[in-house]
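By written order: A, B, C and D. Residues from 1 in each chain.
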Amino acid sequence: MSTRIDLNSDVGESFGAYKIGLDEEVVPLISSANVACGFHAGDPSVMRRTIALAAAGKVAVGAHPGLPDLMGFGRRTMDVSLQEIKDYVTYQIGALSAVAAAQKLVLQHVKPHGALYNMAVKRPEIWEAVAQAMAAVDPNLILFALAGLDQTGLKYMGDRHGIRVAFEFFGDRAYNSDGSLVSRKLPGAVIHDKDQVAEKIIQLIKTGTVTCIDGSEIALKADTICVHGDNPSALDLIRNIRRALNFAGIEIAPVGDFLK
Amino acid sequence: MSTRIDLNSDVGESFGAYKIGLDEEVVPLISSANVACGFHAGDPSVMRRTIALAAAGKVAVGAHPGLPDLMGFGRRTMDVSLQEIKDYVTYQIGALSAVAAAQKLVLQHVKPHGALYNMAVKRPEIWEAVAQAMAAVDPNLILFALAGLDQTGLKYMGDRHGIRVAFEFFGDRAYNSDGSLVSRKLPGAVIHDKDQVAEKIIQLIKTGTVTCIDGSEIALKADTICVHGDNPSALDLIRNIRRALNFAGIEIAPVGDFLK
Amino acid sequence: MSTRIDLNSDVGESFGAYKIGLDEEVVPLISSANVACGFHAGDPSVMRRTIALAAAGKVAVGAHPGLPDLMGFGRRTMDVSLQEIKDYVTYQIGALSAVAAAQKLVLQHVKPHGALYNMAVKRPEIWEAVAQAMAAVDPNLILFALAGLDQTGLKYMGDRHGIRVAFEFFGDRAYNSDGSLVSRKLPGAVIHDKDQVAEKIIQLIKTGTVTCIDGSEIALKADTICVHGDNPSALDLIRNIRRALNFAGIEIAPVGDFLK
Amino acid sequence: MSTRIDLNSDVGESFGAYKIGLDEEVVPLISSANVACGFHAGDPSVMRRTIALAAAGKVAVGAHPGLPDLMGFGRRTMDVSLQEIKDYVTYQIGALSAVAAAQKLVLQHVKPHGALYNMAVKRPEIWEAVAQAMAAVDPNLILFALAGLDQTGLKYMGDRHGIRVAFEFFGDRAYNSDGSLVSRKLPGAVIHDKDQVAEKIIQLIKTGTVTCIDGSEIALKADTICVHGDNPSALDLIRNIRRALNFAGIEIAPVGDFLK
């Protein structure tokens, strides 16, 4: 039973004159910021400002690399090769590393974005391609992967490449009894009730279990909780999670502080 | 009178299915490779292959950051702010650094590309913006700037930011008596005779002088010579320079090996 | 003294997941919509939705071509050639024409965006390049150009290429006594008081004059007024202009309905 | 048995400083040019020059729309929606139409590029999305689709939307007995012998049959033959096809001249 948990959120997804996300509000509420790196979102100036927000908020930063599809916000599966994935991830980690270094920050983690993340969930060799890219650039980087029933394999994969893997839980998403997320196309996939979200998270941390959409209970362990900062009610959701964690005596901290 | 000189060339400017430059042939002929970083040219996979060529050829590598104008190959002046320049240069240095690190290489230098270089020649505050970006990411990086009559100022600027500046000479370009390059729009701007090019370079290194287009002679010092690898005759030009340097007892070496 | 005036606004500037502008609200308040065409902003799906809004609101549509600089929102001067400008404008007019044709609309006008517009104000040969592109694709298209003291020249230029030119007035901008806009960098350049804006517009239409920032009065004629739809107070400004025009007995109509 | 056949080739795939394809050489050898439209390849200036080549060579022109993936040259499958496909195709047809109109040409056809074409071969609803986009812009446009055993369905689909469909044969590709192309990953997929290629084409036109990779013979009808212009030997292949067609008394003509 862990007494510390990480809260991560995707930030820095604005681009040029285009603004997405309430970064100023969400960054102070999380412990790990996943910063877009210019492929699916973000640009060099947005990245600088996002790193500055994280530095000011003493929040750990990580790369949030995506597919080269700005028009589709990196949400569309693309038939890219494993080598291309490695190349794109390497490039984006490097770009953000320099932006962070210019403000005396070092990247903590890497969390693939959107379609790239979903592709990896379906094809574990994509997690491995990402891990290889990370290991070659900086083996201290932590890979954020989806918590599920087969985490052991991913842990071993990380070990093999010399990097740590942190598992991520979605408090506002319903789970299938096989540990996968219920598709957004199905009813009940997204949980809007903020107390229910907080309860799911506390249950996960306290008991290592998730109650699935079919009522069954499965064992699941997670190191970090994904939260969103798109709109005011999303911020309320985070604030409620923070309060619940506080009452439950669970400390919010960057995953790099406690992950073995 | 130096006995060592660097030969640099722009490489890695292919993009996706598009190939530009005879990188395989030119890399073994130079000592410093300026690698495009994905803005004006280059993509993450091209960058990986270019770094591999440099690693195989034991050639020093540097970032060749450009303006975000792939359609114009970074050759069109854009009214970007100094802050944007810093952001773009930081991003590109970082991206290439990671690609290089994945192959155990460390960047030696930064040479702005095309319009960005020409803008800096006209507005020294742009050299400074580039220098600031470099210093914040890695103060060991060397800035490549155009050799001219007022190098002292640039040297001081580099000192102020804690980075070294290497001065670059164009052996195949005619010079004005104020130390600037004769505009490509004027006749005689580009020297095509390969012996004449080699002679100008030897004269520069041996005597620290350039004979200008008007026949006058000016004092000029340079640490690195820019050469091109676009076509077979450009490669011949480089081979001829190498032979001439060899006969003259001048060693070709990456500027990082001898620049103070 | 005209009794009809056009109200135009830049719309369709969203891109992918990124939303800019209150298009749903602003389109019903104007008579001519300047639709972004995918270079500085807009994408094919945004363009379709924007044309649908205009069709529903019975608003005339025009192309709002920009420089190929999504990161800079087409606001940064670029050193593009006149031929490139013609090519970019032709391409963008065509793209929007097809999107409009698929919804049974025909383009009324072309208004260059941002830096391209400002470049044309400074260099009339750019207006001519745009006019040439328009004439070659569809000579019924009307060019929107900045109203000023030297409109006769632009009218002649349009005549020479067989296209009409409509002149545009900025009700919320202060004017210099030479008919140019006061730079946004100077105090007083933008007029925020909505009654003052409406009064300037009524004065222009009723008397053909503008009171300049230095108190002098100059003669100016305009066919269309540029308004903005970025935020709720901008919408209020338009509503106030509409009320004032209504009270003054001036009809709001697409410029194509009345321009000779 | 037809006595006329169309030869089509993908052209205009250069981009900015990047050159691909021997367009100057290939255009005079074909009857229909598929011109890239700026998404997977091509830019507005390249498009203008390509249309000029086609105009000079009296070659019919068509749009060659691709996925928005310049880095992947439009060769990577992307999970775009049918609506997005319609939007992208509409946009690209329009852009090229204007470039062509500026040189007094009207588009004859539309041939999807690369991954978009291959996706359509697998999912006929994509052919329909393309057809809908074409019909809404200009019902005189002819859709180029892969010849196969089930052409009747595609013909009906075209009829339903009021557009014609021309079927395309690949003379240099081996066919499976189900009428599909042998995957490029398999040995024998591409036929390099130029006489064999010419013979396959003559057999197709004269007898309406193809001899498949397994030796079986299937009935197949085609209106246009796809040829390539990437390199000198590809040009030789076309010249050989032209000679063979000439000897066989088969006229080469744009498909729009003879397709019912």
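What we mean here is this: a residue touches a chain if its C-beta (ideal position, glycine included) is under 8 Å from a C-beta of that chain, and two chains touch if they have at least 3 such contacts.
These numbers come from a predicted model, not from an experiment.
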Where are there more C-beta contacts: B-D or A-B? A-B
For B-C, which listed pair, A-C, C-D or A-D, repeats its interface with over half of the contact pairs the same? A-D
Taking each chain's centre as the mean position of its Cα atoms, how many Å separate chain A from chain B? 40
Could you state the distance in Å from the CA-based centre of chain B to that of chain D? 43
Per-residue overlap in chain C, given as positions that touch at least 2 other chains: 43, 71-72
Residues of chain C defined as touching chain A within the complex: 15-20, 41, 43, 70-73, 75
Considering only the defined contacts, which chain C positions touch chain B in the complex? 68-69, 71-72, 76-80, 115
Going by the contact rule set out above, which residues of chain D touch chain C in the complex? 38, 43-45, 47-48, 83-84, 87-88, 90-99, 101-103, 133, 136-138
